[in-house]
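Mind looking over this structure? Questions follow.
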Amino acid sequence: MAKPYVKLGRNNAAVLLVDHQAGLSSLVRDIEPDKFRNNVLALAAMAKYFELPTILTTSFENGPNGPLMTELKESFPDAPYIARPGQINAWDNEEFVKAVKATGKKQLIIAGIVTEVCVAFPTLSALEEGDEVFVITDASGTFNEVTRHSAWDCMSSAGAQLMTWFGAACELHRDWRNDVEGLGTLFANHIPDYRNLINGYTTVQNSK
Amino acid sequence: MAKPYVKLGRNNAAVLLVDHQAGLSSLVRDIEPDKFRNNVLALAAMAKYFELPTILTTSFENGPNGPLMTELKESFPDAPYIARPGQINAWDNEEFVKAVKATGKKQLIIAGIVTEVCVAFPTLSALEEGDEVFVITDASGTFNEVTRHSAWDCMSSAGAQLMTWFGAACELHRDWRNDVEGLGTLFANHIPDYRNLINGYTTVQNSK
Amino acid sequence: MAKPYVKLGRNNAAVLLVDHQAGLSSLVRDIEPDKFRNNVLALAAMAKYFELPTILTTSFENGPNGPLMTELKESFPDAPYIARPGQINAWDNEEFVKAVKATGKKQLIIAGIVTEVCVAFPTLSALEEGDEVFVITDASGTFNEVTRHSAWDCMSSAGAQLMTWFGAACELHRDWRNDVEGLGTLFANHIPDYRNLINGYTTVQNSK
Amino acid sequence: MAKPYVKLGRNNAAVLLVDHQAGLSSLVRDIEPDKFRNNVLALAAMAKYFELPTILTTSFENGPNGPLMTELKESFPDAPYIARPGQINAWDNEEFVKAVKATGKKQLIIAGIVTEVCVAFPTLSALEEGDEVFVITDASGTFNEVTRHSAWDCMSSAGAQLMTWFGAACELHRDWRNDVEGLGTLFANHIPDYRNLINGYTTVQNSK
Amino acid sequence: MAKPYVKLGRNNAAVLLVDHQAGLSSLVRDIEPDKFRNNVLALAAMAKYFELPTILTTSFENGPNGPLMTELKESFPDAPYIARPGQINAWDNEEFVKAVKATGKKQLIIAGIVTEVCVAFPTLSALEEGDEVFVITDASGTFNEVTRHSAWDCMSSAGAQLMTWFGAACELHRDWRNDVEGLGTLFANHIPDYRNLINGYTTVQNSK
Amino acid sequence: MAKPYVKLGRNNAAVLLVDHQAGLSSLVRDIEPDKFRNNVLALAAMAKYFELPTILTTSFENGPNGPLMTELKESFPDAPYIARPGQINAWDNEEFVKAVKATGKKQLIIAGIVTEVCVAFPTLSALEEGDEVFVITDASGTFNEVTRHSAWDCMSSAGAQLMTWFGAACELHRDWRNDVEGLGTLFANHIPDYRNLINGYTTVQNSK
Amino acid sequence: MAKPYVKLGRNNAAVLLVDHQAGLSSLVRDIEPDKFRNNVLALAAMAKYFELPTILTTSFENGPNGPLMTELKESFPDAPYIARPGQINAWDNEEFVKAVKATGKKQLIIAGIVTEVCVAFPTLSALEEGDEVFVITDASGTFNEVTRHSAWDCMSSAGAQLMTWFGAACELHRDWRNDVEGLGTLFANHIPDYRNLINGYTTVQNSK
Amino acid sequence: MAKPYVKLGRNNAAVLLVDHQAGLSSLVRDIEPDKFRNNVLALAAMAKYFELPTILTTSFENGPNGPLMTELKESFPDAPYIARPGQINAWDNEEFVKAVKATGKKQLIIAGIVTEVCVAFPTLSALEEGDEVFVITDASGTFNEVTRHSAWDCMSSAGAQLMTWFGAACELHRDWRNDVEGLGTLFANHIPDYRNLINGYTTVQNSK
């Protein structure tokens, strides 16, 4: 009866970035701004590093919700970009679902703003269709811990895996020997403590 | 085995506001007073906006528990109002259950004070009868985080969906195009950050 | 698949107070001392008020764990009192299990120190035997929030209901009309905010 | 050597609202949005209730900092309104200082966004000129507790009084008998717990 | 320039309990209700134990602020009791000041609800008259930590000593040998951890 | 459908310490350094005390992740020690799995750094193979509470038991009479409050 | 007797970055790693933007304390760089003091790791010599809030100003009109919420 | 008017450890037990390392307060040890004051349990006599943050320096070159993060 262990695989996964918009970011208060921004950029960098098909979508981007975070747009110039005209659940937008299906992947890595809506609704919809969903909890933001808890409970009960960008990267990479420098750089760029470890180590090595 | 995705629908849902009384409010200490009051009023405004049948009930309102929050009474002048003579679980009151059945809805949106009693008991009773229950966690208050956790665990394990008023509103609305201004006003009135986004946006638009 | 709603009934329930000892109390740091002491005494008062069969047990009471909280001993002069010679899980003590069976009750309300051992082990053992277990989370204490979470997850996954003393009292009482003054006194004695409500109310009534 | 007790007097005080703008509000993360908005509106309502001369000022309101909170503009249609073209310290703006001087008051009640800049700088400047400054700490917001502490330490060391809008209102009113209903309304509108007290009380009175 | 060490002396001190009323208690949210109630009762018990002249006062006790905490009234049946008709600062009430002066004490121990008004204002007034003021911080409550900090900063800067009821009791007692049992009982009744220490100790002693 | 109660048995269990390395320790920020170090050493001492087969493994120990905590290496000089050349999931390393199988135990007690990777992945792998897994939550560390929650949810949903080192020790010991002094020493060395209890007790005993 | 208002001036100030080293960074646990790193880089960027003379110093950089944060070294290739051979208080190092004196500035902006040693000691030494010291609290890190509070109390009592990098930047800039784009870029690069404001604003402008 | 910078000197300082007793330790709840124990032992190790004259004192050690922490007694076998018969303020005990005077030191480093009594009272007494007092805040414990704040405010206002054991050790050592290994060992033994740095560093060095 327990949830089975579904391993994320770099050939099976796609990344969905849902509504990481400038205006909506001001609603995120369950994770500190510096950390949240860093987590979102780390997830994006991970997607690029593993060359996972990535889909961007926004809600009402010409209104108060504001434009997509500039860096995301720049990181994925060729990715499908669906500016939804009104659907709150991205999965209610045909173009978005078509883009997801076009990736041919059944493992969906999802993050967005706000967790209990823009992340939870497409997560539940995708699970309903039999996809495996991995919610990146630390790249998804919401109003406070009460709303976050409700969203996590809802998605986990429905069968989603709650992960972090770091956990997902480790699953996808499997073995450091596949590329030590690449993974190390990804971590160093987004985990200050890890950067310190590498800097300290490198300096000592160089002094030999 | 996972919980299925049950979409809240505006034609299928009713709202039950249980024991949001002046005296009982002083027991609520897991959510700050300003925020809690705001969340309750937001839920009420959502119910009105989507024209959901709404039922009010109180416990011992002539005693120390005190009268219903004034604004709720004023917002729903024609709603069934059941001042329970003694039953702690509202579902033990025949008149209340009759009012719920009279709505003809099987999706019940519930909030109240205190979470582990006035919300949890009718939630468990309704689930037992096969209704779909959506607990609005942020419009339900209790003594502290320990009591809240126990209540959430209990209701979620029994099959209830833990939601927030914002998440419920988004599910019910489905698509911004159904009424941009209406939903925007609901959010602006109850989410200060969203109001700021709209004000900022509107000012710039007007200056064009 | 969801957990069914099992209503606590005053004719079906017994209370097990496990290792609320003077020395062990100093280990409790997930709930503030004033509040924890109050919660334990409230649970004891509830047991007496509803005349539930109650069993007291201690571990190593002549050693560093220290004697049972004085008030508990005094409140239940005739209750079975099992000073366990060594078993950590009270359920491993035959005399204790015999006392539980002798109550003839299948609904066991449990609390103790520390949550992940003295509460969790007999809870799991009782569930295994088919009893219905209601853990009073706020009258059970442990080292910190990490150890508490592990204990709650463990007991809830095994089928226990997580409750609070207040929730249990409300379930047992069902209807205020059964005895307004009795329940009101129980609450006033252990919930300062409720006492304030009653005092304020009474004063106004008397001034009429 | 101790700071003397300077009583705020309704004939001696003016209110300066500095940079409570829509965009800047998204920077405030040391006080929850619901509570912060409420505190700012409470301060504004207090200023109006006591008919204190009030001055509004903004910084870069046509840029990303955004327009003044709509309600403030509407509450003080006739108040001096200084949209500063660039000065960060409002006191560096001649027009602003002139408006302050024109009130003829030496007791300045200040609040704004963000605390360590828009509040602290004019506070220090005004103290330097010999004014008595009362910083309304709960209607002033900033990035986090570290920045807040620095600002408070700085202003208090320089001689400012740290107050709250509630404390200031009480000092200004002195005696409930000056106007029970007026002060009661101010409190009920901005302190949910106080509103509950009044509602409960009134209901009981009416039932006599 | 440093504040001198003024030792509290049992022959020099009086206790002022300001506005510990049932209704106002619901405003206190910077200290948990169980702990706050306990601290206030501990301060009262301390006053009685050391036979310090004690003065009770309330604000608007027939209105929403509600009656004095019942236990305080009962503990000091013969103490001066000033139900202020309207003055917010108790020191503005002649009868209150007269009662203070009548004690002939220059060391004033003050606590009340809310800290930044009912405690701070008479504290500042008394300091101005040359009294030595000892604020019992843990028997004084307010809305939140921001309002508390402002009150503490204000009173400390003006020359008041910030103390706790435990610290004050220790200063007044000076030497355990003056009465071991009396002080031990005071602590055991209001500090659960201390009660546990005493119970454990006594049990072992008795078993010798 | 509930998780069954699987009792940890000293003849059935092995301990896996995964990546408790000097460099990785600086990433742990969900548990305070003093407490975390203490918990890890307590788990190691428990493993030795119960003579459980123990396996040590590290990831990249010659790089920035740094060497194993010195004390662990010294405590288990003869334990299998697998310095993994690159596999992130220890279970992907054949030598590690072989060492686990060689213990002949089906109850695996796991802890490590970081929780959502080095603990979660082998936990999920072992569960998949039918082992019973007991995650020692307080001897496992990660970046923050969000990442911890995701890891706990993931492991618990897959069937793992979340325990603490103290809970595990109690389960393994079953009865104090098996060795009072041994267990008492283990607790005293790693629980300051328990040490205090024993010291106080012993001193009194000796004074008899 | 109050501290006078000393305005930071861009022609009068120098910046001292003390011991922001890779190894020491792992000791910082009072500010989250993402935020702390960001604050340090923001302070460095501010120093460069205002062309303030900047001095770098390290302690034991060839030992466990590790090398200076790479970005700092790169940002200030021509700045005096004093790798102290042993002195804990940088002010005890003649070369460092000489470098400070060589700037000819009397306003010293200081930050470092850890706050109560590497920041506090040179702060106290500089104050003793009559310099004006501005401690950048949010770019200084230490073990926890207790150690931070002690350091702040110590430095503030001795006459230092507690500031933040944002506050310092605003004081130095004085007027947005001096360079809107430059200051805006500094803020956007280091304050995610501010970047969002600018992005939102720019997008709307461009769409006109 | 600012507090002057008084440098702790190893020839001028004595250490006073006041009431670090087994029973009293259970009252300490403002610092986690693992960390508090570690801090006290670190302070003791520091005193020994710098060979500072050290004085031990206890209050009621044969009663519920319990014996001195075993390790302290063992660390200072030849130190003056004053078991006070009743005086709460150690300074009221002639023998204690005589022992302090006998050290010939005017810089007193003080820590103890509880902060607002056993630390604050002798601190204030010593300051009154003209000694320089350095309170080790992190080796002093009390009930909660409210009582701690009151104690810190009181001692700092009276002229004491608030320090940490780490800060004091750094001040006393002045220069790493005086003994790198000795200070490094002191830090490694009591700061887990520092131990990790040293272990990592040493391993790399050894691998050269």
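Which chain is which? They are A, B, C, D, E, F, G and H, in the order written, and residues in each are numbered from 1.
Note that in this section contacts are C-beta pairs under 8 Å (C-beta built on N, C-alpha and C of every residue); 3 or more make two chains touch, one makes a residue touch a chain.
All values derive from a computational prediction rather than experimental measurement.
Using the contact threshold fixed earlier, the set of chains in contact with both subunit A and subunit D is B, G.
Under the contact definition, subunit D and subunit H share the contacting chains A, C, E, G. At the interface between subunit C and subunit F, two copies of one sequence, fewer than half of the residue numbers in use are shared by both copies. In this assembly, the chain whose C-alpha centre lies farthest from subunit A is E. Simply put, subunit E must spin 90° to overlay its Cα atoms on subunit H, rounded in steps of 5. As a whole-number value, the distance joining the C-alpha centres of subunit C and subunit D reads 48 Å. Separation between the centroids of subunit D and subunit E, computed from CA atoms only, is 31 Å.
Computed from the mean C-alpha positions, the centre of subunit C lies at a distance of 54 Å from the centre of subunit G.
In subunit G, 1, 23, 26, 32-33, 66, 144, 191, 193, 196-197, 200-201 are the positions where the chain touches two or more neighbouring chains simultaneously.
Touching pairs of chains, sorted by label, consist of A-B, A-D, A-F, A-G, A-H, B-C, B-D, B-E, B-G, C-D, C-E, C-F, C-H, D-E, D-G, E-F, E-H, F-G, F-H, G-H.
Against subunit C, the residues of subunit H that register as touching in their complex are 26, 29, 32-33, 144. The part of subunit E that touches subunit F in the complex is made up of residues 200-201, 204-205, 208.
Every residue of subunit D that touches subunit G in the complex is listed here, in rising order: 1, 23, 26-27, 59-60, 63-66, 85-89, 92, 114, 116-117, 120-121, 124-125, 127-128, 143-144, 146-147, 149-151, 153-154, 157-159.
Interface residues of subunit D, counted against subunit B in their complex, comprise 22-23, 25-26, 32-38, 62, 66-67, 69-70, 191-193, 195-197, 199-200, 203, 207. Residue ranges of subunit D in contact with subunit E, taken from their complex: 1-5, 31, 137-138, 152, 156, 161-164, 166-167, 170-171, 173-178, 180, 184, 191, 193-194, 196-198, 200-201.
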